[in-house]
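In structure tokens below, several structures.
Shared chain: subunit A. Partners: subunit B in the first complex, subunit C in the second.
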Partner chain A sequence: MNADLIGSLEQITRVVGVRGAMVVSADEGLVVAESSMEGIEGAAVAALTAGVVSRLARATEAAGRTPPAFVHLQADEGSLLAVPAGEELLVVAVTDPAVNVGLVRLELRRMAEHLA
Partner chain B sequence: MRVIEPWVADPLQRFLAESSARLVLLTTSSGQVVAQHGFTRALDVMSAAALGAAIMASTDELGRLTASGASRALSHQGPSRGLFLSGFDLPQGRWIGLVVYDRDSSLGLVRLFFDRLVGELKGLAPQETPAREVLASDFENELNASLRSLFGR
Partner chain C sequence: MSIEDIRVLTAQLAADPSSLVFLPLAEALRRRGQLDAAEKVALAGLTRYPELADAHDLLARILGDRGDLERAFDEWDIALRHDARHAGAHKGIGFLYYVAGDLPKALQHLESALQADPEAEGVAAAAARVREALAEPLASEAAAPVVPTEPEPEAAPEPVPPAEAAGAGAIFAGLEGAQDGLLLLDGQGLRLGGGLNAPDGSPVGDAVAAHLAGVFRDASRAARLLSLGAWRSVGAETADANLYLCAPTEDSLLLLVRDNSVPIARLAKQADRASDAARRWLEGGA
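Right, the complex of A and B next:
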């Protein structure tokens, strides 16, 4: 199972500009599997991303909308992208600023659909 | 938040702000309370401190028996709240942190910021003071003083 997950994550990290990808447990914010996260504190990214996505889901719920299907957090030195995979997991990518976001999103959604 | 050791206050305040934990208890390995946040009754604090110390002692012993070493952390996920229990070493000896969190936080966030709290405490902890003999009268006086500090009574 873990080898499958790593293989799927490597599909994401093959996209130019993706620095790392991981599967995160949505409720606990813990790393389930990760790939190519050099120089990135994986446990911190997992915990904080799950926290952000959870709060966004609650905000959209309060606003009478469905939970986000894709989260793109853009910063000066790169982006953090997350796609929920069912109710229990998140697929997350950390990227450089110049990445093709559409392509990464496609790969994230493919993996999320596979996991859900 | 109430603290017995003043140097604990700032790191603990940061931990509370960052982790969104509901209840926090820092104790020595024998269950003596060093700081607490969120508890409203002294009895609850004393019970939680004693239970936390007992659980850590049991799991440490279990770790030794099974050759897996002393336990670093335990977590328990309830239907609405989670509990995180972790031991760490300071010049003062082994301390225990007990953290209760709900949907505003997660095990990952609590673990992440608890590790940072421990790092800060290690940096701020005064050097160990020489151990002195503990007398029954001292124990009762210190317990009462601790309760006054923790609950302002």
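Right, the complex of A and C next:
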């Protein structure tokens, strides 16, 4: 199972500009599997991403909308992208600023559909 | 251009759909006030020539005639991305900045239009009038520059003087979703202005604002701890809506919500304008 996850994550990290990718438990914000997260603290990514997605889900619920199917946090020096895989997991990527976001999103969704 | 001319152009386009004849045809239809037909022709042309600045300029003028100045601005902006010296796009955006009350930016674009095309009709006079208005702010209220572009001034969004900002919706007056899809809050999650409605029309601004303060903190923390620099925005797609969150100032947060037919990239552009309005209001109200 973990080897499968790593293999799928490597599909994401092959996209130019992706620094790392991981699968995170949505509720606890813990790392389930990760790939190429050099220089990035995986546990921090997991916890922070789960926190942002969870709060956004509460905000969208309060707005009478469905939960986020894709989240893109854009910063000056890179981005954090997340796609929920079912209710329990998140597929996450950390990228450089110039990454092709559409392509990363596609790969994240592909993996999320595989996991869900 | 006569109806016969339009028939000829239509026949040419039918014979060769990849022809650039869609440009004069759509322009002729626009000038005759047949805006639906003009827009249809322009959009069909843009599907074949999405990087043609002239086509985006044309669509912008059609949209301007419709009074849809927000989309007109976007099309002129796209035209400038493809051709940074496009005189028509600079002229159009200069006009829109003028009617929005941003005279420095209006002048900047009118001067760019002049540089690109010194013979552009009426632009030199318009730029001169805007310069005068900038030099004499009080006199400018009575002096309307002659900007010979197509959108009608009476259909333009009104500038938002800080003194008018007492009403929450006034912050975003003239912007799409000012009352039901734009929310400005402070760093504590208190609503400062704008409004947000659920799909059933019920107001949900305060409830959403309460959650967004946490998003604000988490986004800042995540960007900092992951060495991503300062966070700029959070975009989220749901099954029925797209959301865009940004910080017009260090202590405020802006949320835009639209149905999911509006792509996040377009939300980002709308957020730029809403952020400008928010900053003006926050500075004026301080």
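Basically, the second predicted complex is superposed on the first by the 116 of 116 C-alpha atoms of A that agree within 3 Å, B and C clash if a C-alpha of one lies under 4 Å from a C-alpha of the other, contacts with A are read in each partner's own complex, and residues count from 1 in each chain.
Definition applied: a residue touches a chain if its C-beta (ideal position, glycine included) is under 8 Å from a C-beta of that chain, and two chains touch if they have at least 3 such contacts.
These figures come from a predicted structure and were not determined experimentally.
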Fit-or-clash call for subunit B and subunit C when the two complexes are aligned on subunit A: fit
First (subunit B), second (subunit C), both or neither touched by A:Gly51: both
More subunit A residues in contact [subunit B versus subunit C]: C
Which of subunit B and subunit C A:Gly86 touches, first, second, both or neither: neither
First (subunit B), second (subunit C), both or neither touched by A:Ala62: second
Which superposed partner A:Ala43 touches (first subunit B, second subunit C, both, neither): first
First (subunit B), second (subunit C), both or neither touched by A:Gly7: neither
Partner chain(s) touched by A:Glu28 [first = subunit B, second = subunit C, both, neither]: first
Shortest CA-CA distance in Å separating subunit B from subunit C in the superposed model: 9
Contact residues of subunit A, present in both the subunit B and the subunit C interface: 44, 48, 51, 58
Parts of subunit A lying in touch with subunit B, wherever the complex brings them together: 24-25, 27-30, 43-44, 46-48, 50-51, 54, 58
Of all residues in subunit C, those that touch subunit A in their complex: 196, 198-200, 202, 204, 207-208, 210-212, 214-215, 218-219, 221-223, 225-241, 243, 257, 264
Subunit A residues within the subunit C interface of the complex: 39-41, 44-45, 48-49, 51-52, 55-56, 58-60, 62-80, 94
Subunit A contact footprint on subunit B (complex, rising order): 77, 103, 105-109, 111-112
